Amino acid sequence: MPLSAQQLREIEEQRAEATPTRRAVSPALEEMLYRPIEVLDHGFVRVIDYMGDDAAVVQAARVSYGRGTRKVSQDSGLINYLMRHRHTTPFEMCEIKYHVKLPIFVARQWIRHRTANVNEYSARYSILDREFYIPAPAQLAAQSRSNRQGRGDVLQGEEAERVMRLLREDSERAYEHYQEMLNEDDAGEPLDAERCGLARELARMNLSLNFYTQWYWKTDLHNLMHFLSLRADSHAQYEIRVYADAMMETLRAWTPLCAAAFEEYRMGGAHLSAKGVAALRRMLDGEAVTQENSGLSAREWREMMAALGRG
Amino acid sequence: MPLSAQQLREIEEQRAEATPTRRAVSPALEEMLYRPIEVLDHGFVRVIDYMGDDAAVVQAARVSYGRGTRKVSQDSGLINYLMRHRHTTPFEMCEIKYHVKLPIFVARQWIRHRTANVNEYSARYSILDREFYIPAPAQLAAQSRSNRQGRGDVLQGEEAERVMRLLREDSERAYEHYQEMLNEDDAGEPLDAERCGLARELARMNLSLNFYTQWYWKTDLHNLMHFLSLRADSHAQYEIRVYADAMMETLRAWTPLCAAAFEEYRMGGAHLSAKGVAALRRMLDGEAVTQENSGLSAREWREMMAALGRG
Amino acid sequence: MPLSAQQLREIEEQRAEATPTRRAVSPALEEMLYRPIEVLDHGFVRVIDYMGDDAAVVQAARVSYGRGTRKVSQDSGLINYLMRHRHTTPFEMCEIKYHVKLPIFVARQWIRHRTANVNEYSARYSILDREFYIPAPAQLAAQSRSNRQGRGDVLQGEEAERVMRLLREDSERAYEHYQEMLNEDDAGEPLDAERCGLARELARMNLSLNFYTQWYWKTDLHNLMHFLSLRADSHAQYEIRVYADAMMETLRAWTPLCAAAFEEYRMGGAHLSAKGVAALRRMLDGEAVTQENSGLSAREWREMMAALGRG
Amino acid sequence: MPLSAQQLREIEEQRAEATPTRRAVSPALEEMLYRPIEVLDHGFVRVIDYMGDDAAVVQAARVSYGRGTRKVSQDSGLINYLMRHRHTTPFEMCEIKYHVKLPIFVARQWIRHRTANVNEYSARYSILDREFYIPAPAQLAAQSRSNRQGRGDVLQGEEAERVMRLLREDSERAYEHYQEMLNEDDAGEPLDAERCGLARELARMNLSLNFYTQWYWKTDLHNLMHFLSLRADSHAQYEIRVYADAMMETLRAWTPLCAAAFEEYRMGGAHLSAKGVAALRRMLDGEAVTQENSGLSAREWREMMAALGRG
């Protein structure tokens, strides 16, 4: 369970308060607000705040004075047009803020998205919790043989058990030594009243990359969708993809028209190269096109056939 | 009057709606929401949306689960500390969105602030209004003789009148020729049914830099304060400073603790150079320090004396 | 002629100097360095500096110690892979700096690309030249009837002449009044020794959007290609496209492998939506797919047919 | 020794090549090019490429055609002026690229500087080296008692030895288990031919935050100085400060005038608050100002007195 009873109580107290506002409100996202969506063994994503909705995208695209049309069909048509033609600035007019708890090696991938605002829990200043990620057995994948950056079959039996045991024992030992170096027990009391304890900013270096950290992360709707297009993709590492999947749910609740356009024109589409288009034209003309006469490399041909469902 | 009766009605309709929200609400900013603050002869700034408040800065700095303390004094102490030590990321956790109507030459200065999101009214797509900026007589400043980038005394009498007349006549002629090239009258009807009209994206080039444009502009609290520190400063051009002054009012309503810290530690402070600090130390030791023996250039000395009120 | 004899002499002097460097050198770009490529009637683009080459992209992708492979085929394969899978960070490792002279309305489109560094000639501080853009007769397009943001047929005869005359006369008058308000002649002497002249930061507002400005503009290779994908595109306004076309030439000289990959996988390709892919799969299976049974809107169908050369 | 003989040979080969260029060249930085400056026990910083020099800042500030003045005094005066008045855009016109090897916990602080380009060695794709940071005895600081984010006295004797041993043993065990999970020995051969090995993207999570990673990091001169102002500061953690100190040396070699202005107006200066300026004015008028009658908090007073050398 990632949150304590005290934390959950604070969250429910916050949810209990409702204040009238003149701003745009997204009812479905209000319903999710503050509550953690659990991810991995100790992680979560929760929406802390948001600004704007589908209509705000339309309003900004038109630089209009009022709230814009009330007809969903017109808004939807404009949003689809903007998405299709990559007019990205209106989507930057909505903003969302998350509180995320995640393993450090996931945080290191995530932080590469620079167009966002971040406040991370500081292990120079505070002490990290005794929480580390151990993959579920179904996620214990072997190294892929075909793709140097991917996963192959799942490890089984004794080998799987051994990996789990190593990860768990090393993490537990790392945390115990972290506490010993800090000279603090779980309650924050000195383990040995004679000693003073190593500086926090140094002791943290003994923790491994599967320990959990947490942050506030805020971005605009355009950059959120860009993040999701890379991290909810099947090539993304499983451990970050599950966060992206959870955030995709919040996107659908928040701005349903933008989410639908995003799934139709970004996530669900395919990009063809110039040679790919030329090959496709010949195929549509009834020609028997093969990789060899297509001008595409074997790998590109395979990728295109997969995209066209002819793999 | 920058807005039409129809536009003002739409704004009041929007203000009349209130919806409950679980999010942080800034009551004083809700009071200002959507209403235009008039700036220059046809311009305005109005707040369209916002996210977060003073407590959200504190909450992000602590990466906390609930809303943080309810004691203003603790929040204020932390906000002052963050501002003083330039811990900028917590201030990035609040966001504000404005609708601004402004002369094009002001827009060109403003847009140099890159860490913001912008949707500008498109003169490729739409037709600009017959609205251009003419300085009030008190703003008709001569070129400064001491500072190549500044204003000197105000022009008087015939010379002032001549400048005003030139600006007004040229602007009016430019707009009439714009309409003639577009082949459209004020009601959007063709002036001459036989002709087809120049493309909008070309005709706009006949308008001068004092014509008004408008945009939606969104930024976070940290970057808003950075904008204000440069544009609400006495060295900024008058025509952008009046916009910054109006936005400073919205800042005070929105996040009063941050605004106070900003005025105390940014706007109201002074930055001294290494040589300046050395000179000051000698002065505090009772030494008679002059520009000549200070190591500062005449200009730096003048600037420091002014900052210390000894000019 | 956009540059004076004095300026051209300075440029040739700069070109005459060669200094040995240990850095990567792009011989074809060295050949173009500093020399203006003329664009429109008074504009230009010239490369001022650059950093890196094709091999630098490969070197960064591998985080390697030396210069990487010397085999062009291996570098080319990796660059194609990076481009195809949108691994953008290695392309950010090269940088280029241009000096551009361009009409203000073009500058206003250009500046919307925020991931770049800019130093613009300041009309608060200096006086703009008597140079304004007048479209060539072949560019005097009428407003498109089908596309609100586009050009239709070229204006002819009297109507074209009238437009040219209005643009030219208004620009010339605007500049004369600019000088009169500044109280300066072409040589910088006061027109009237009794008067003092309006502040430059104010007088400039009388100039129209077709006057030329200039700037230093610096960006990385990834963002340059993003700029070109939007501005060298057929939907871009002609007056910015000609700048992008000139810069495409510099890209080909600088990093030929990246330029080829960019043209194959970005400029020359096509993006299909989820419904578009579904329709295409049915077409490839021999089904007679029409717009009506495709699930695509009329406009989307038209765009896809055009991309597939079946328009 | 952070680099292998093979790597050092590749670096010297690269240094041996010199090619003529028309671009600006910084002779002192050419002298340092490619060679590693050693930092901590296994880390380094080395300059891989650069663009521009002091004169390029001046040239951009003037948007000039040639190389600008050859008089160092004029360039220096302009650079000082730009630095003093925070005209930052001309400093963005120079660019530098580093190759850095650094502990992961340092990398996590460093990456928070978003206005830079980064390519990090990928532990999803490749295997990390058996290299981890162990603090030198003089750096084994206790947690500060007065400042929650700082270091106090250095640990001594047995306690220091115990910390060193824990760090070293845990790191060595973590790496052995990493190899065991990967099923690879130091030469990349399978440890056990029957097993297949855990995916790299998973196994890396067993490594601790003191393991070394490496990246290419590129930024412009303005953002480099901003980085240095925070990380070469006495409040920065020692382990990142030593990198900043090494980069300060490269800054001095590259753009000596900018580096001097930076040290005079940024690093060496002091920022006073509004109340601080008011107190200082009274002190200069001979008044006996104390913390109590100054209006400053005890902490602010202490900080100001320290800045003025009256602590």
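In this document, chain identifiers A, B, C and D correspond to the written order of the chains, with residue numbering beginning at 1 in each.
As a convention for this text, a residue touches a chain if its C-beta (ideal position, glycine included) is under 8 Å from a C-beta of that chain, and two chains touch if they have at least 3 such contacts.
Predicted, not measured: the structure shown is a model, and the values here were computed from it.
Asker: Could you tell me the least number of steps, going only between chains that touch, from chain A to chain D?
Answerer: 1
Asker: At the interface of chain A with chain C, does the proportion of residue numbers present on both copies reach over half, so same, or stay under half, so different?
Answerer: Same, since over half the interface numbering is common to both chains.
Asker: Rounded to a whole Å, what is the gap between the Cα centroids of chain C and chain D?
Answerer: That gives a centre separation of 35 Å.
Asker: How many angstrom lie between the centres of chain B and chain C, each centre taken as the mean Cα position?
Answerer: Chain B and chain C have C-alpha centres separated by 29 Å.
Asker: Chain D: which residues touch two or more other chains?
Answerer: Expected reply: 89, 112, 118.
Asker: Counting only chain pairs that touch, give me the topology of the graph as line, ring, star, complete or other.
Answerer: Topology of touching chains reads as complete, every chain touching all others.
Asker: Show which residues of chain B lie in contact with chain D when the two form their complex.
Answerer: Residues 80, 84, 86, 89, 112, 230, 263-265, 267-277, 280-281, 283-284, 300, 303, 307-310 of chain B touch chain D in their complex.
Asker: In the complex, go through chain B and note every residue touching chain A.
Answerer: That would be residues 3, 7, 10-11, 13-15, 17-25, 30, 33-34, 48-52, 56, 59-61, 63, 65-67, 89-90, 92-93, 95, 97, 99, 117-121, 214-216, 218, 220 of chain B.
Asker: Note which residues of chain D are touching chain A in the complex, please.
Answerer: 103-105, 107-108, 111-112, 114, 118, 122, 124-125, 133, 135, 139-144, 148-153, 155, 159, 163, 166-167, 170, 173-174, 177, 180-182, 195-202, 204-210, 237
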